[in-house]
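The structure under discussion is supplied below as structure tokens; questions concerning it will follow.
Letters are used for the chains, namely A, B, C, D and E, taken in the order the chains are written, and counting of residues starts over at 1 for each.
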Amino acid sequence: MTDMTSHPGPKSIDWTSDEIGARVRKRKAAENRLRYIGLGAIGIAFAMLALLISSLVSTGWQAFRQTHVTIQVTYTPEFINPDNLQRSNYRGLLEATMLDLIPGATNGRSVAAILSNGAQFTARDRIIADPALMGQTVTLRVPTSDPYDQLAKGLIDRDTPEANRRLKNDEIAAFDALLSQGVVSKPFNWALLGNADSRFPEQAGLKGALWGSFYALLTCFLLAFPIGIGAAIYLEEFAPKNKMSDFIEVNINNLAAVPSVVFGLLALAVFLGWFGMGRSIPFVGGMTLALMTLPTIIIATRAALKAVPPSIREAALGVGASKQQVVFHHVLPLAMPGILTGTIIGLAQALGETAPLLLIGMNAFVTAAPATPFDPSTALPTQIFIWADSPERGFVSRTSAAILVLLGFLVMMNAVAIYLRNRFERRW
Amino acid sequence: MTLIAFLLLFAAAILGYVLNRSAARSLRAGGAQLHSLSTFHGGFAALLVLVPTFLFIILWLLFHASVLDRLTMGGLPAGTLDGLDSGATQLILAEIKSIAGGRIFGSPEPWKIEAAERLAGYRAMSANLMLGLTALLALGLLVIARRTVSPEFRARQRAEGIIKGLMIFCSSVAIFTTIGIIASLVFETVRFFQMVPWHEFLFGTTWEPQMPIRADQIAAEGAFGWLPVFLGTLVITVVALFFAVPIGLLSAIYLNEFASPRFRKFAKPVLEVLAGVPTVVYGFFAVLTIAPALRTFGEMTGLPIAPNTAMAAGLVMGVMLIPFISSFADDALSAVPRALRDGALALGATRAETVLNVLFPAAIPGIVGGVLLAVSRAIGETMIVVMAAGLMAKMTINPLDSVTTVTVQIVTLLIGDTSFDSPKTLAAFALGFMLFIVTLGINVLALRIVHKYREIYD
Amino acid sequence: MNDMRIVERTVDSHQTKITARGVQVYYGEKHALKDVDVDILDKTVTAFIGPSGCGKSTFLRCLNRMNDTVAIARVQGDIRLDGDDIYDKRVDPVQLRAKVGMVFQKPNPFPKSIYDNVAYGPRIHGLTANKAELDAIVETSLRKAALWNEVKDRLAESGTGLSGGQQQRLCIARAIATSPEVLLMDEPCSALDPIATAQVEELIDELRSQFSVVIVTHSMQQAARVSQRTAFFHLGNLVEYGETGQIFTNPKDPRTESYITGRIG
Amino acid sequence: RDQIRIVGSSTVFPYTQAAAEEFANQTGAPAPIVESTGTGGGFQVFCGGIGEGHPDITGASRAIKKSEFDLCVQNGVTEISEALIGNDGLSMSVARANDFDWDMTLGEMFLALAAEVPVDGEWKANPYKMWNEINADFPATPITVYGPPPTSGTRDAWVEIAMHGGCKQLDFVKSGGFDSKWVNENCSRMRTDGPFIEAGENDNLIVQQLVANPNAHGIFGYSFLYENADKLKGVKFGGVEPTFDTIATYDYPISRPLFFYVKNAHRGVIPNMQEFIEEYMSDAALQQGGYLAERGMTPLPEAKMKEVQAAVIEGVAMSAPTK
Amino acid sequence: MNDMRIVERTVDSHQTKITARGVQVYYGEKHALKDVDVDILDKTVTAFIGPSGCGKSTFLRCLNRMNDTVAIARVQGDIRLDGDDIYDKRVDPVQLRAKVGMVFQKPNPFPKSIYDNVAYGPRIHGLTANKAELDAIVETSLRKAALWNEVKDRLAESGTGLSGGQQQRLCIARAIATSPEVLLMDEPCSALDPIATAQVEELIDELRSQFSVVIVTHSMQQAARVSQRTAFFHLGNLVEYGETGQIFTNPKDPRTESYITGRIG
């Protein structure tokens, strides 16, 4: 104690000295650097996102509108057999209608091709619903087929030589005739959200994929969230800490690095092979995605649990809370933001994942939306995958639109989790 | 029917909860000193009913169909199935099922119709039986649970025991997934090494696995040296991380330290959208936006840049990985108690110094968790590289060259023409296995680092 | 009141509540507590004194097995509560801690509302049948901890938004809300002003009529005021243990004397 | 199982989709579920066995191979109907922004893309990097060709038809007296040193890459060229441009037949199976101007079509292929 | 040495170091500090006393703008250090805090080694040219904080593994290692035994020869022992401020008197 004096005390510092001043400036500069680099980093990330989204929007926005033609259809006995409404000659009916509509048109097939292939079924369904329409005239607004939709949206350049064009001069002329009559409109493309998949771009929609993704994600969430948290809590809080638990931890971390195809293979072998579940089933897809999401949630949860300060645990233990009470009452709520982050990211990833779904057959062409999680369907990413590889031009914009819809789905899905995360978040 | 069974199950669980809790309450009201809270008595009853009955329903659902099938087929007139192989039997079964489902076409033999009727009967019976058994089981468990209510009964311990059991079950799901994956990988890898010598695989520097898998297919002889493929993975992963880790960490630091709370609340979820963009889309982005940009850059500077570069794939993958790092790191930084932040600030540390020197080390486990996830994703990511990196295996570490990765090879080897006894297909598993080993190594290392540098606060 | 105190203080024929024999604690390599033998009496206040870092908190934490939560801590020896070995495998540390409450040296309120902080113990132990009873417990506990007046209008605010001393009192209120049989208090008055200190001391004295209280303190005066028995620790050893009066007036060990007279630290 | 399940070629996929959708619209029955697994992958599952768990139909952009047929037989799938539905041209395309009028022989194409070519009378690694090294009339631009990966049937077809065809045109091969076995062994590898880029399974992606890089060529099915005719033009081989007509007449040298295969054991067991096959084989679908042709398929000559229609609807089983 | 002290104590013609005028602090709705005016002299020890929760820590935290870090805290009024408004926009809180050091009420060692805890300040301010100098600063600081002997063999161990009192001294060592011009100490001796307390008080006295020290304490004795000036806070008001001797012997305000004599808390 006496030797204290033998040491020089901390000398007082002249904060105004140049040396210190320079240093302070340097540190300030370093701080500002960090701030601006950080801002720059976020800026880059945002820019990437903006670039992605704007490129999607620039091609995809067109898909949110669809060219329609309003036609007057008269159900005459010439084409319609009242005894077999299901299989009457609606094609002929439409051809006749279009020939009437377009002055000077002679080729019925060609002008009827302006209308979507689905138009005949619209006409059919209308009269089947109300057989009393026989002999009467109804007004129908039907989508045009894809090439004309492209034309109406200006995506077909009229200046290219005719030979290089998807639509020939006479076809364009016929369509222009319709335009001049004011029967062409471009309303919001409800089919994009309300229809299931179709071979025809103008009729193709995402309803099936949306439901498929919804069911798959729901299954994935219901399995992965509780199981992931349960596993993480057990491993972090209850399992004895030894070589074995380290080994398990490493292996679970490692699971995150397993290529997603391999999960697909596992699902193929176990769910489809052993349990004999069907192909293309959202429920199976959800289970597969759950296997994939599990490690993300477990890792996030464990990290979040680790971050809760020991003093909180001590406080609870000190009043006689059991270990589970400590965890469920105190630690888990404090760890919730981290857990939700893991869940958000895990589910986001699951939502966008394609490869494992290919292996269990969710890249199928299904024209009906699934009514339950056990009906065959596609999912959004696989639908995008299919559309992206379709030759029809209309699918180019629809692919982008589908991606935008997926992102919208993602944002909606995450909104709840993000709201919860903000509520749980506290700095102490 | 299943729905009713589940409803029954939940009703029974709730009933158990209410019954036991009120029983415990009345005991307590009668002046007894109960070991556990009445809610624990209730909770124990609910769990006791819930878990076994749930298990029962699941098992029933899994196995009842095959039992019914067997019953139906077993009840066919003797000799009908003689000489038929399993496929044909299957078809008969399918037809019987169709008939039972009311879809009759053609004129099926009478014995099929009879069997279909029987099947329909079994089905109805099975459904009723399941309901009955569920009810019985739930009731029995209710009674058992109700009997446990006594002052000495350690309901808390029992309930916690069940919950712990459930958590162990959860862990085992993860563990069994791992085991499943390891087992399948190991099994096929061993078979692969019976066909291709391991040293050729491990130390070979040419990878040309497109060997014929059918006698009549035309392709080159296979060469299975995994080094170039592995190198490709390495290059792309490194590029991705070089991009994602600094951007992610810096974003997290900015969000946590410098950004206004409102900006932070907005920016974090926005960044998280990056994780959910389908990888196919990133693939397009890499090929159509980044790669041409790089190529133009190459033409301007005279750098030899391949049309499909590791760089393009890596950069785009990096974009995808940003939120893994930024969000995890942000959470970990937020979790550090304020007292520590105050301690550093009070010493005259700038916020930059505070976050870098004090908060960051304290938040290491969470941050490393995020980075590890990002590494894992980078290594395991498939679609982006399939589309953007190419398929040619080259011994190169030049990120401007085109490379291929382990995952790309796995996918190309497994999709399309496959046959599970050709080294070509098995090579995919060997690759997967090697990938597993490598990432295992990375994870062990990371765990060590975390253990070593982890700073336990408070 | 003072008279009563004096009367009670002389009555000292209580039963032992806790017996500790040969307690050793290691933190990793560090031998923090060396072979400590102590009998803690029922309905008595026992004070632990000794220089900082001598092992007082460590010993306290042995008594309700809080050291279980420190990964590197190893506890040896025999500690019995009412004759039962508390380190026995069959003993549930949870129930032990419900009986042996603790106030920590560093105040550690939950990041919950003030009300919930206090109500937490009674809730998990099911001490109340309804909200009114719980309210009552919360109020009495806060009153006893001399905090009620300051927080009665802000019970819903977070416990972490209190001043240092308020947090400390909150932790005291939390600990007494469950009426533990033994209350371990690690420097409960370190952040309190004299008045609050007096109130807490009064509380301790009141508790003593029913329970056993162990208090760590650095204030000799406080030890002398509130405790009937005092243990003096030094460098991990229990140097001396006996009646408070005797320790302060007539220490047997020279180290005790030096400490009390302010010569070793 | 209520729906028909169809797997197989990604090339046939759009046509099967069209038939499936038309079928559902016409009859109101549930639409078949169509999965695109690639030709080989399709046979793999198709030949897995009979019964509800296995698909009923598989599409193929080449005829079934002997080995695949054997696999089927081995698993009890003995009765298979082969339905030839039309042809598909394989095109090599380039952006319209590229102003050179590309016209080459298959031999020149081979020289540009094969792994090994004759150089000065010797068979060795392909040295050509620029088009004008192959033919002085070609522009002096680097050879950059995006093509399908080995997993796709398109690649198989390209190798078998275009590469082998080109190989056989070479003087070195013609005068060397090599047989087709030699050709098989030596002319099947695409080069791996850069100019040929395997671009993944997505043909639209190749289309967009061509637009971005006017000096690059791409290999994909004709329907993609047809849809993108305003941006792309086909390379002529031997002066013939790919069009529906030239493909149908086989004037354009690179085209391949498209098939689907029916598991006859499932007819009459899987609901609506026969009806669907009738729809797929109907005139409305297959004939000139039918809805499959509208989607880009080149129809069969009338007579051939009638013959196939009858056989498939009847359910005539095919005999084992020879190779 | 004692003689010197007395001599110095009488010398009281120091310059003002900090002037605070009309300081108001709100935590959200709560008005925690009401219109406080104080002059803190250079080379003087100023003690803040007052019942728990009266705003002492709050005021202390105003003096180095630590309240900036509390999201809900709002500070009004005028505080000047050496005549410069510290809440001025041009003032860099970082530099301010380098000049005005602080020891917190709850010890908050970094989860780093003991050495790094102390070395942190000197490192970021670049106070040393080499390792040897840094070692010297660390050692002196720990010695002054009376911790050296206890930790000299375990400098590489984590600061969070120390006992409560040791952590408190570590935080003191950390704060003095950068030689701040003003040192704010929030109950620096609350977890310390008498000897350690005496050592810290000695340290404070020593610091006073060069710097200004503000200390919050609950111990009237301590305030009387170490401070030359004392401020008494009550319910957010600065009730009385003056020479320590005067405050303790001849308080002007009845509340001060009540507090000192132990009647209000």
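Some observations on this one:
Assume a contact is a pair of C-beta atoms (placed from the backbone, for glycine too) under 8 Å apart; a residue touches a chain by one contact, two chains touch by 3 or more.
Everything numeric in this text was worked out from a predicted model, so none of it was measured.
Shared contact partners of chain A and chain B, listed by label: C, D, E. The chain pair with the larger count of C-beta pairs in contact, out of A-D and A-E, is A-D. Centrality by C-alpha centroid: the chain sitting nearest the overall protein C-alpha mean is B. Taking each chain's centre as the mean of its CA atoms, D is the chain most distant from chain E. Taking each chain's centre as the average of its CA atoms, chain D and chain E sit 84 Å apart.
Separating the centre of chain C from that of chain E, both taken as means of CA atoms, is a distance of 29 Å.
Averaged C-alpha coordinates put the centre of chain B at 36 Å from the centre of chain D.
Residue positions of chain D touching 2 or more other chains, listed in rising order: 1, 53, 202, 205. Each of the following residues of chain B touches two or more other chains: 284, 338, 350-351, 353, 415, 456-458.
Chain C has residues 106, 124-125 in contact with two or more other chains. Chain pairs that touch, as defined above: A-B, A-C, A-D, A-E, B-C, B-D, B-E, C-E. Those residues of chain B that touch chain A in the shared complex are 62, 66, 156, 160, 163-164, 166-171, 173-175, 177-178, 180-181, 184-185, 246-251, 253-255, 257-258, 265, 267-281, 284-285, 289, 319, 322-324, 326-328, 330-332, 334-338, 350-353, 355-356, 363, 365-366, 369-370, 372-373, 375-377, 379-383, 406-407, 410-411, 414-415, 432, 435-436, 439-440, 442-444, 446-447, 456-458. Considering their complex, residues 261, 338-351, 353, 357-358, 361-362, 455-458 of chain B touch chain E. Residues 241, 310-323, 325, 329-330, 334, 426, 428 of chain A are the ones that touch chain C when the two sit in their complex. Residue ranges of chain A in contact with chain B, taken from their complex: 27-28, 30-31, 33-35, 37-42, 44-46, 48-49, 51-52, 55-56, 226-231, 233-235, 238-239, 246, 248-263, 265-266, 269-270, 275-276, 291, 294-296, 298-300, 302-304, 306-311, 322, 324, 334, 337-338, 341-342, 344-345, 347-349, 351-355, 358, 380-381, 384-385, 388, 403, 406-407, 410-411, 414-415, 418, 422, 425, 427-428. Across the complex, chain C is touched by residues 27, 30, 49-53, 57-58, 105-107, 146, 150, 154, 161-166, 168-169, 186-187, 190-199, 218, 220, 259, 262-265 of chain E.
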